[in-house]
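Handing you this structure, nothing more for now.
Here the chain labels run A, B and C in written order, and each chain numbers its own residues starting at 1.
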């Protein structure tokens, strides 16, 4: 593509951007206030955006709070991510019927291939989509549902100017400024009710879409404001994790008593995994009807916190609470690196906020770091 | 009779996600509650497989279970799956009559590294039904020659009546394969070894090998594999020449569902065969 | 309803006579039995696979036992119940209990540990005519139960699944994970986190499709404790949210309050009588 050149658009331009996407046939999704949280949903118009709202977050706590300006993207992240759209909670994989002679007929579900535009993707969420792409689309056997949903997405990322107290994206290298992978990146400049956006194309398609939107050349002052928005966000992010040798730190502490302490607080409710934008695990569920001759296979979200997840012949392999939490944390931050050559965490903080009792993985990691357990040999890895 | 079909328009969907109807053409009652099903696709060709590969066998309306192919690779007439009744799914598979239809996805996963064995001795150790995924490897090793000059099989079971594939054991012996058996509990008619499998390693009842020039394939309960590996390393077999097959809750077979993780391994993708050196730090950690 | 509206295909029975079904009621509100009647199209499918032999709520025709499948609603609260449930067990091939009353004693188990004779004296004009036990207890405390279907009321989809599974000879697929799993699957934001509303969801088995949290009410625990309920950790969070010990006790002592995990947690927070909270 051509060298990306940024332009500045105003609120009219933002509306035109959505109109341009609609004109190109996209279903446009964007953040909206629903049920006391900011969450992505089908956008009817830019009026649906969370104008003048922000979120306050802490371990086990989320509140919507009014801003005294016109920011459309002046919040961090809500409970739901784009995973709900790309990797839905429940999809039918196939149907099977048995005829009177006992013969079986299988019909695979042909997934839709919708054109969807996501407006307001956070840099951490963009990174999460890339991680799910790697697992579900770029492995040896692509997932058909995810691939179909993902093929035609147009991503408008909005750089983060309002991180929450639970955010730690700089530790994971995913924000607050977006890395590659978007079609358009916006940086919101807010002056009271006046709002402008610096828009940068990240793909040829993004550049083409942007050409259909009225814009002005970005001034040096605006460019500097944009840099300052990111720099201020970085300064306000207080939580962090030290990722140095993190895989070996975790696998060197598999028998640490710290897991028992976490287990005293862990509800095994599964919220962290379900809120996590990268957690991808699914369960196969065969549903038969009363006739006994028809069965549907449904694929549903699963969680390593459920007992059935590790079911083996004699029963659940991970019966204790600590083994289930350990599986989650060691996978997210450790073995994901072995399996997919990168961390499974993007630092969005959802697992901290949406844990009903506020278990904080950044804190737990610092505890492991501060009190190293007995060292174990760690050369093992898949060959 | 209507032909069973699997319709699929999209090239995106991996064959491994599509259940394919197979007909049971023969059943072998091995021991009580253990049968071997001989199956052929209702439509189309029998797929290729490699020793140790696993398939998801489906019983209509009940569900799927991961089972290793137990027939020799050279058998192009049917695939064999040896199944123990352990729950509703395996029970329904065991009860499928000859002529009945099951579904199969697969086979998937990796294989015993037969082609990369560089030692003159290959030791194959099976425990219980763990002998099933080894059968194809034993047959292939016996046929293929190459660097392998001496092939030994050590096979342990709960008691003499739990030993399966006895006709194969005799056939292998006649073909020059060294076969040593052991049972946890003997019986009146049993004059063989009684004890646990590692007891047969470097013993007159079992096998005495040039251990530094031996490669070992092991399949059985986790605890048996663990102690066999400890014994073998003690005898001088390098860790890198000891191979396990791992079992975890396999569901999708496509490295997509996350269930069959074992530490860094995704068993359906990185296994079922894993090198002992790689798995050792994780293998004995409880509930990992 | 016309026949064309029936979407579930019903397989005519191939053998002589379908398995027989009986539905029994003990101390309960009838709501779970009504869930069966509420199955609509599926009820016709049930009727196609099972002969409904005894179901006073739905039909006047009653056939004598034995019965292949018995669904039992309600808890054991009278000496007569004790005798009757044993007779039912003897007449039943498969005995499935349905609902919170039958599986954990129900809301009426609030009487357990209280002075029942005092209640009777207050409520009834002629207490001498009342014959009752001091406790309300689940069916499984008295006879062997083959499967327990939780809920207040039960979920009709789970009921159909339970029946379909038993007909197919497989275990029912009834998740034992938390209500949170269902909240997340349907996109309901956690009301405890976003509104500070105390909710039993994290320790309660899903099955209701997260009905109460979706309407901004904390979960009442109708489906009883989930597979690994950490009630102590949740109670501690309730304290952070400002609940007193007696409020915590009352939250756990609800529709499934006599279920072991909930009862034990409630007991830990019970304020001894005579103490002002």
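Note that in this section a residue touches a chain if its C-beta (ideal position, glycine included) is under 8 Å from a C-beta of that chain, and two chains touch if they have at least 3 such contacts.
Just so it is clear, the model here is predicted, and its values are computed rather than measured.
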item: Chain with minimal offset from the mean of all protein Cα atoms; value: A
item: Identity of the chain that, by mean CA position, is farthest from chain B; value: C
item: Chain centre separation in whole Å, for chain C relative to chain B (CA means); value: 44
item: Distance from the mean Cα position of chain B to that of chain A, given in whole angstrom; value: 39
item: Whole-Å gap separating chain A and chain C, where each centre is the average of the chain's CA atoms; value: 37
item: Where chain B touches two or more other chains at once, by residue number; value: 61-63
item: Residue numbers of chain C (touch at least two other chains); value: 168
item: Overlap residues in chain A, where contacts from two or more other chains coincide; value: 286, 288, 292
item: Contact set on chain B toward chain C in their complex; value: 61-63, 88-89, 92
item: Partner chain A, residues of chain C touching it in the complex; value: 8-11, 42, 45-46, 48-49, 160-161, 163-165, 167-168, 173, 175-178, 180-181, 184-196, 199, 201-203, 216, 226-228, 230, 232-234, 236-237, 240
item: Chain B partner contacts - residues on chain A that touch it in the complex; value: 93-94, 96, 98-99, 101-108, 110-111, 135-136, 139-144, 147-148, 251, 254-255, 280-284, 286, 288, 292, 295, 302, 304, 309-313, 317-320, 323, 326-327, 330-331, 334-335, 338-339, 376-383
item: Touch list for chain B against partner chain A, complex; value: 1-10, 12-14, 16-21, 42, 60-64, 86-87, 99-101, 103, 247-249, 251-252, 254-259, 261, 263-266, 269-270, 274-275, 277-282, 285-288
item: Contact set on chain C toward chain B in their complex; value: 168-171
